[in-house]
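Please find the structures below.
Shared chain: chain A. Partners: chain B in the first complex, chain C in the second.
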Partner chain A sequence: MYTDTVIEEKLVHKPKFLGIFLGVVFVILFALNLADTIFGHFLTPVIGDPAQSGLYGRFAVALVLGILFTLNIFAIGFLPTPIQSLVVWLELAVFFVSGFHIFNLSLEFIQSQLWFLLSRGLFTTIYVSAISIVLAFIVAMVGAIAKLSGNGFAHGIASFYTSLFRALPLLLLIYLVYLGLPQMGYVIDAVPAGILALTLNYGAFMTEVFRAGIESIPPGQWEASRSLGFTFGPTMRRIILPQAIPVIIPPTGNSFISMLKDSSLISVIGVWELMFLARTLGQKTFQHMEMLITVAMIYWALTIVMEAIQRRLESHYRTVKVNKA
Partner chain B sequence: MNTTSNSQGGDVSDTSQHGSAALTAKGSSDDSIIEMTNVNKWFGPLHVLKDVNLKVRQGEKIVVCGPSGSGKSTLIRCLNRLEAHQKGKIIVDGIELHDHMKEVNVVRREIGMVFQQFNLFPHLTVLENLMAAPLWVRKIPKKEADETAKQLLERVKIPEQAHKYPAQLSGGQQQRVAIARSLAMQPKIMLFDEPTSALDPEMISEVLDVMVELAESGMTMICVTHEMGFARKVANNVVFMDAGEIIENTDPTTFFDHPKSQRTKDFLSQIIAH
Partner chain C sequence: MKQLFKLAMVVLIIAIGTSGAWAGENLDRVMNNKVLVASTYGGWPPQSFLNDNKEWDGFDISVAREIAKRLGVKIKFETPEWDILTAGNWHGRWDISVGSMTPTKARAKKLSFPGVYYYTPAGFVVHKDAKYKDKTELNGKRIGATTATVFENYMKKDLVIDAEGAPAFVYDVTTTAKNIKSYKDSNTAFDDLRLGDGVRLDGVLSSVPTIQEAIKNGYPLRIIGAPAFYEPLAVAIDKGDQEFHDKLAAMIKELHADGTLSALSKKWYGVDYTKAAK
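Right after this comes the complex of A and B.
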């Protein structure tokens, strides 16, 4: 993105902004009444027993927190931009994670289950998603070529497929595949059923992405190729797809990240992936929150890793394009 | 070279009507390699080619010029069937072009085409661009394709760029690669669609030099171009088009010095004015 070359005075260093900010934060905190929380306990020397401090305690806590907040953004304002972003990111993460404190999570329970969650749940989530994305990639490639082929049958089949499977909610599709196929005489295990449903659903969405990617190649490439005597198939395989795939890969990475999370839906048919284990492991001892939050953090970590890979892929293909195009 | 641009007689056959007939129409009355008879083409309601008649004999060089939108690009794009004509007859190298033809790729293999925007394959190196069609269309051995490609790069005077990608070359170099890529298929006819129009002025001559050399080697060429120096130097005939019609089709000397129609005179005065 383009960043302006003129340096303006920083918003967070303008007294007016800081004043308004402090006021707004104070009002919000005052309304929330945080006197009888961990923050109030820190201020016990000033306000006495937080529970008894009344309006004074409420006022004091809101003011102190408001000032700390304001000083914080004022201080962050002095940092260079990338570090600024990092500090804000970390502060938000700490703030968010410290919120789990209210649930009184049992760390021992989490530790006792973590290995199983990772070795079984995470592993299943990843391999189901990975197989599905590879299959969806193939389906989408075939679907996109069929849509562009100019063959009425191929186009009809492909557009019927994308129309139907983009319309079905994934959860519904999972049930239909898992419960429907056995009634048609094909007994299917939960894992293949889940993979099939994910593949069909994502294949339909990615078909459109691939079609757009292929269509983004200038018509001159087709003309040059056809005028050299290439037929449709070789033109696609030798000329168009090698140029379209770098365009297609980044959105495919995006789909993969999204699929990692949507794979949680196949927990409803009893696949032992992360979501399923999160619900069942906590059930015995009613420690639901421990498992749900742990799995939430695992999904988050997974997505951070995938996003990093995605970014590298994107920049890799961008440089390829710069070198070649 | 004889043209009958205004003759309405003869057998006007609507090729789109009967696909099976006359797949090949060998043995036309003379030795012309391209024969367009009363060719008409519409883009929707727009009549872009009106009763075009053109004959080109083997080894002839034709320069097609005219104001923009006059149908000159469409004309040559019809010759390798990148565009379909709706009425009339086009015979190229003994094969008639029509909607139901089976052998369009057989024809296209024999016709090289050079585009205004080069249209090189950006994901292949220069050498691979030259080898692509011989390898994957003609299926000749890789070693042979490699040798031919290198000879052609010598011929267009950029052997040292063989392993670069098109984007790393200047416009003039890219266009020379594009010419070499077409020549790699050893075509009988070369079509040029405004090959120098997208080039910076200082790169035009390097491309024209290659085209002149090609012309001198005896290639049959049809060039849509406004390079009048090139036309004077190599063209057997200059075809002037306006509003989808061939207005004038004559040798360069007559064309430049004694144009018949007023439209030709206007056109010439405009391009020579500066």
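Right after this comes the complex of A and C.
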């Protein structure tokens, strides 16, 4: 984050801004008409029966909520920046999660299914993604080197590969692998088919990332290595890649995070990962909304963990570079 | 780098090597492996669903287990999507479908149907608050149906049932192609219908037992009119193994004759659906 060195009066403490802000919030709330909601029920002593309160109720609810909201913003303005960010984050999370209240979910049912979702669904999601990302890493490394090499065949194959597999939607690719390979005589199971499709798709995108990473190493390194008599292989292995890999690792972590979610697409071929179970478990008692929301929360928690790891990875590789320099 | 590459190659080879199986003669494969691999789907209570112990349960599942028992083999369930299943060319991924499949003429080109094991009525369902009195009032309205099923075929006027004892039917309700709404499973269609009369859908065509199950679980729905048609529901296998076909055909006759199917139907539906409707 950039720290600003110019100290100004805080925007959220300027009376003019607060006034305009309150006005805008009021208009929006008034338009939404929240009289007959939980907010209206809090104001029942003032406005009477919320359903009967009409324009007055609508006006009162919008005004009270608007003032509360503006006061909240005003109060947060006093906090130091990191805490400010944390409070805003928590408030948004609470607001979002309380939205699920309207679905009237059965917590008992969620609890009874949670362990199975985690032990079977989350486990499958993670191991399928982990194998795929390792394989995609290898494919991308080979592809990037091929693209950068002077060999016309290697370049041709690699650029054909990235062109084709970046063009195919992942879902289509999954169907093609699962249904197409058996037509050619090899019957592939659902899990390997999913891993293959994810690998091919992510490998193609990561090839381009890796190529850019390798190209970010100054050409002087290459020239120096060649003039010392290193051939292509050792130059790549001993000079270029050791410098390029720290650049490449963070975006790979990023791909992994997005792969965790894209792996939900392989539910169409019957792999029991999170998404599949979300669509299957609640069906008997018609409680699929519970399962969908639970799984959404699991994906969210998973991504928060992965983002933390990703941040550590990034700072780790940044430190290494600084120390060496 | 070299080590990593080697490791990955080993993983890849193991992943591919242990997974595939080359297609062979179906019956031989079942008897040699001593496992009958049945395809099923989790979204069709009370035919097939995961029960509280996370085990497969339901009418179709019970019938599949009974077939495996009489073949003297174990049973294993796989969960491919319905449209992958009906597309045929199973390549030995699964041996049998006991999944309430209607033997239509189109499907008979891709699959082989050893026998019908029960018949269920298909009916139109509307929101509880809807004013409709008869299903014919749904003409031209937005009707939901499951993709690649007989219900969708019925709405498209493309339903030819290829089975003995299937009662004749007429297309009572018709609507424009644009107003046939396709869904991945029937529960999603019910979810859209429960939003209110005419919000996203005006009606859904589905299997009556499934509709009744939804109503039992608090869906604000109402069946209108007499059943649109009766679907004979058959066991399906991949094409090209006459021996397996004959063996299953004889077994299904036996299951009918000794009352096993009637008992299972009464257990899961409360009624005996195993006789052809008049």
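To be clear about the criterion, the second predicted complex is superposed on the first by the 322 of 325 C-alpha atoms of A that agree within 3 Å, B and C clash if a C-alpha of one lies under 4 Å from a C-alpha of the other, contacts with A are read in each partner's own complex, and residues count from 1 in each chain.
One rule holds for everything that comes next: a contact is a pair of C-beta atoms (placed from the backbone, for glycine too) under 8 Å apart; a residue touches a chain by one contact, two chains touch by 3 or more.
Bear in mind the structure is a predicted one, so any value in this text is a computation, not a measurement.
Superposition of the two complexes onto chain A shows chain B and chain C fitting side by side, with no clash.
Once the two complexes are overlaid on the shared chain, A:P45 sits clear of chain B and of chain C alike.
Judged by the touch definition given at the top, the superposed model places A:R279 against chain C, while chain B stays out of reach.
Shared-chain residue A:V268: touches chain C; no touch with chain B. Vertex at the C-alpha centre of chain A, arms toward the centres of chain B and chain C: the angle is 130 degrees, rounded to a multiple of 10. Residue contacts after overlaying the shared chain place A:Y186 against chain C, while chain B stays out of touching range. After overlaying the two complexes on the shared chain, residue contacts for A:P15 are found with neither chain B nor chain C.
Once the two structures are superposed, chain B and chain C can be ranked by residues of chain A touched, with C on top. In the superposition on chain A, A:Q243 makes contact with chain B only, while chain C stays out of contact range.
In the superposition on chain A, contact of A:I131 is made with chain C only, not with chain B.
Touch criterion not met for A:G152: it reaches neither chain B nor chain C.
Superposition on chain A leaves chain B and chain C with their closest Cα atoms 16 Å from each other. Per the touch definition, chain C reaches chain A in the complex via residues 1, 4-5, 8, 11-12, 15-16, 19-23, 42-45, 49-52, 54, 78-81, 84, 87, 89, 91-93, 185, 187, 190-191, 213-214, 217-219. The residues of chain B lying in touch with chain A in their complex are 80, 82, 105-106, 108-109, 111-113, 115, 117, 119-123, 132-133, 136-138, 165-168, 178, 181-182, 185.
Listed in rising order, the residues of chain A touching chain B in the complex are 218, 220-221, 223-231, 234, 238-239, 242-243, 323-325. Within the complex formed with chain C, the residues of chain A that make contact are 112, 116, 120, 131, 134-135, 138, 141, 178-179, 182-183, 186-192, 195, 237, 241, 268-270, 272, 276, 279-281, 283-286, 288.
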